[in-house]
Amino acid sequence: MKIDLNSDVGESFGVYKIGLDEEVIPLISSANIACGFHAGDPAVMRHTIALAKEHGVALGAHPGFPDLLGFGRRYMEATLEEIRDYIAYQIGALQAFASSQGMKLQHVKAHGGLYNMAVKDMRIWEAMAEVISGLDKELILVAIAGPKREELQEIGKSYGIRMAFEFFADRAYNPDSSLVSRRESGAVIEDHQIAAERVLKVVTERRISAKDGTEIGVIADTICVHSDNPAAVRLVKRIRETLFASGIEITPMGNFL
Amino acid sequence: MKIDLNSDVGESFGVYKIGLDEEVIPLISSANIACGFHAGDPAVMRHTIALAKEHGVALGAHPGFPDLLGFGRRYMEATLEEIRDYIAYQIGALQAFASSQGMKLQHVKAHGGLYNMAVKDMRIWEAMAEVISGLDKELILVAIAGPKREELQEIGKSYGIRMAFEFFADRAYNPDSSLVSRRESGAVIEDHQIAAERVLKVVTERRISAKDGTEIGVIADTICVHSDNPAAVRLVKRIRETLFASGIEITPMGNFL
Amino acid sequence: MKIDLNSDVGESFGVYKIGLDEEVIPLISSANIACGFHAGDPAVMRHTIALAKEHGVALGAHPGFPDLLGFGRRYMEATLEEIRDYIAYQIGALQAFASSQGMKLQHVKAHGGLYNMAVKDMRIWEAMAEVISGLDKELILVAIAGPKREELQEIGKSYGIRMAFEFFADRAYNPDSSLVSRRESGAVIEDHQIAAERVLKVVTERRISAKDGTEIGVIADTICVHSDNPAAVRLVKRIRETLFASGIEITPMGNFL
Amino acid sequence: MKIDLNSDVGESFGVYKIGLDEEVIPLISSANIACGFHAGDPAVMRHTIALAKEHGVALGAHPGFPDLLGFGRRYMEATLEEIRDYIAYQIGALQAFASSQGMKLQHVKAHGGLYNMAVKDMRIWEAMAEVISGLDKELILVAIAGPKREELQEIGKSYGIRMAFEFFADRAYNPDSSLVSRRESGAVIEDHQIAAERVLKVVTERRISAKDGTEIGVIADTICVHSDNPAAVRLVKRIRETLFASGIEITPMGNFL
């Protein structure tokens, strides 16, 4: 049994440092690297790729909205054409740093507001699939695990690319397998042991308890973990230990998709 | 006999339009396309590549300093490492749009303040050569024709890339084959007929009259022309007519270098 | 009888020129000057104030979202606190250039996406009123004429500031006195004579024909005109002629509110 | 005897936090607040002013180059007109947040590359004095203590504004009272006790030992201290203790200039 662990990294900018990249990159298998629009800058991109390469972590582009001030978290009323152009630009920029270091990108995962918009509007996943397909059909598009899985698989198929689905290690799920909104209490699972066991259950049984206790099916290729604070890093370690103890291999999604 | 005509294009940004790209692109053979730092944006990059492709014009990245407010014309005290990172980022971003349209980049030419800094500091040409070499050894680095030709050729050779040298159609030259500074009178040649004949002489005789009347040698692979006003476009037409009348073929530098 | 004519100006940025400011500023009585977030830059702000001062045109801040790439036209999911901060920042920056030239700002009018968001969400007008009230109670807040007039007046009153209401010279109106959406046909009135007569009717009779022919009441203090193309400038001239012919004085809103 | 302590604060941006503002602001008497060009954003500016107000710390604008990526540290080839416009814009923006909170700015101190350029080019101090004079003659311009004192005083006088001179607590000085370049060893004084005693000597004796042991005169109104790391904050505390022990009052420069 294999699973991927992905995390958003490379989000520093100029003199501004953010994220515990040095600590978390050795612990994950796929790195989502910011590309200079919502976070990251050329030097940070180069450096983050070097760090990922050193630890055998697969590289992914993490494109976002051109909103450094809002860290790309805010919705922007961008057209599909604008979104396609923004994504192509950012993937290309990151590819340059990867290829300078003899590496290739493995995947693409949208950031923040763009990701959240996609969750509500399938045409954005389609826009991303179209861009990726035009750039490099080997690139995997990472989407959210949950109720839209079939539709998303169809999009991937129609553009000739692989889709990957991610499960959020520290988030509660609704009975329809969508995420519990952060505006609701209990949206985030604070207990590390519970979170780690949920991850294990998703990997081994493809099931999870929804917020109301219902058992729901969740098929995930990669587990999204965070790296912005020491507790988040501790959770990643706990997840790794739990998975290892059950003989599950943590490896980049590109190795098994 | 063959010569290339290059021009800076794709410098619009958002709602802001600049340059007569629709008029000049059909007249040139190599397009220097802004990459979003000093000018250009993702939509403009995509559109400019489509326009160049339609007219059989070869594509080049035109990276500059991250200074949209100053249009990349101002010197910035960037380190060589920063310059390498800025260039890699911008070339990569443009490559994405080229490859989305089934095209490849032919060349790289620095913009404004960055180009001018390179003219004064050979280490910057070397930084550019290093980046290009690491990205794609087929890419040609465009530098200024003139007294540093030998040194620049050495740099290209040591990084395994081709160098191209450009002659400025509308600029006067010093006896040492450097450009007459714009601060001096007579720096710009206003008469289109004279400018076109100088271009012809550079192509056919590899010589030109310097400002003081001395005949100096100038070896150029490509002629830099402008597109920011109707008179500039008329000069391009005059140069084309003059070259055609002498049986000289205008073709992308990649075809003969 | 008095009326104000306002127009968005000072929208150039760096080398990028936009708008026919030199032509339209002599024709209007209130200038909405971009403040560097969605358009405009420090030099443009200084220059635009000088031009307005020369022609006796009252100065207004025209704050927008921090989205130069989208010209501030796109909705952004900014919080009310962010909006307040953005507006205060921009008004302050413009005030500096006004006071350097011995001038004071007369009014504030939001731009593009921010204005449109306010039209749909009264809390944004309230956020603007709060900021203005905290900065300078002499500043007038310009809002859209139409069905929300009473509520907007209440907001102004509660913050101790004056409100002004604007009528769009070239736009069709719904029977409820809201604007016909640009997505509908007939949203823009192309015929200059008709547009000018509508303006006259609003000024003299405080009534206008809605799109369906219904006569509706519209109370306006200022008429919004455009300056982005020669036809727009011709419309402004036509409106001026029509108003002059009826003895109506065009004067800054601050003179009569 | 009175002295001012100033520090650069408010340099966070969006989600990016930098500097120990909460710790250092209670310890200083004058805050140099970034204005959104090289650092800072509207929310940070508002918040930093609130913090300074709470602790009775005087407010200063800390304008810099429009280079967030380089944190305003890099020289930019800006014209004097551009510099004047950048400074006016930033002071105005900060004034808005001050006046919203019932406060006034006390001083202006340029940041990083702009400050360093001024040290080498007196015309930049003059440009700053001109802007300040046009905005508010109560504003104090902070310049470097050292060999140019007389010239700087003349500039202040000719523009009708007060000048303040700052001494750098942790920097070595040349015999001509200029700073030892950071490129030389011993440029930064690491020992807190020595640094604090130097400050005391400058305040009480208006003299200091230069790097070569020569006693040189240094007249300072304000001491520049840092806040970017815990050791810097400890140095500020040590300086305060040393000054208090000698009965010197730490108070905003505006109180005694």
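In order of appearance the chains are A, B, C and D, and numbering begins at 1 in each one.
Just so we're on the same page, contacts are C-beta pairs under 8 Å (C-beta built on N, C-alpha and C of every residue); 3 or more make two chains touch, one makes a residue touch a chain.
Here the structure is a predicted model, which is why all the values come from computation and not from measurement.
Set side by side, C-D and B-C show the greater C-beta contact count at C-D. Taken over every residue number at the interface, the positions common to subunit A and subunit D amount to over half, indicating a same-residue contact. Here the CA centre of subunit B is 43 Å from the CA centre of subunit C.
Subunit C and subunit D have Cα centroids lying 40 Å from one another. Under the contact definition stated at the top, the residues of subunit D that touch 2 or more other chains are 41, 69-70, 82. Those residues of subunit A whose C-beta lies close enough to touch subunit D in the complex are 13-18, 41, 68-71. Residues of subunit B touching subunit A in their complex: 36, 41-43, 45-46, 81-82, 85-86, 88-97, 99-100, 131, 134-136. In the complex of the two chains, the subunit D residues touching subunit B come out as 66-67, 69-70, 74-78, 82, 113.
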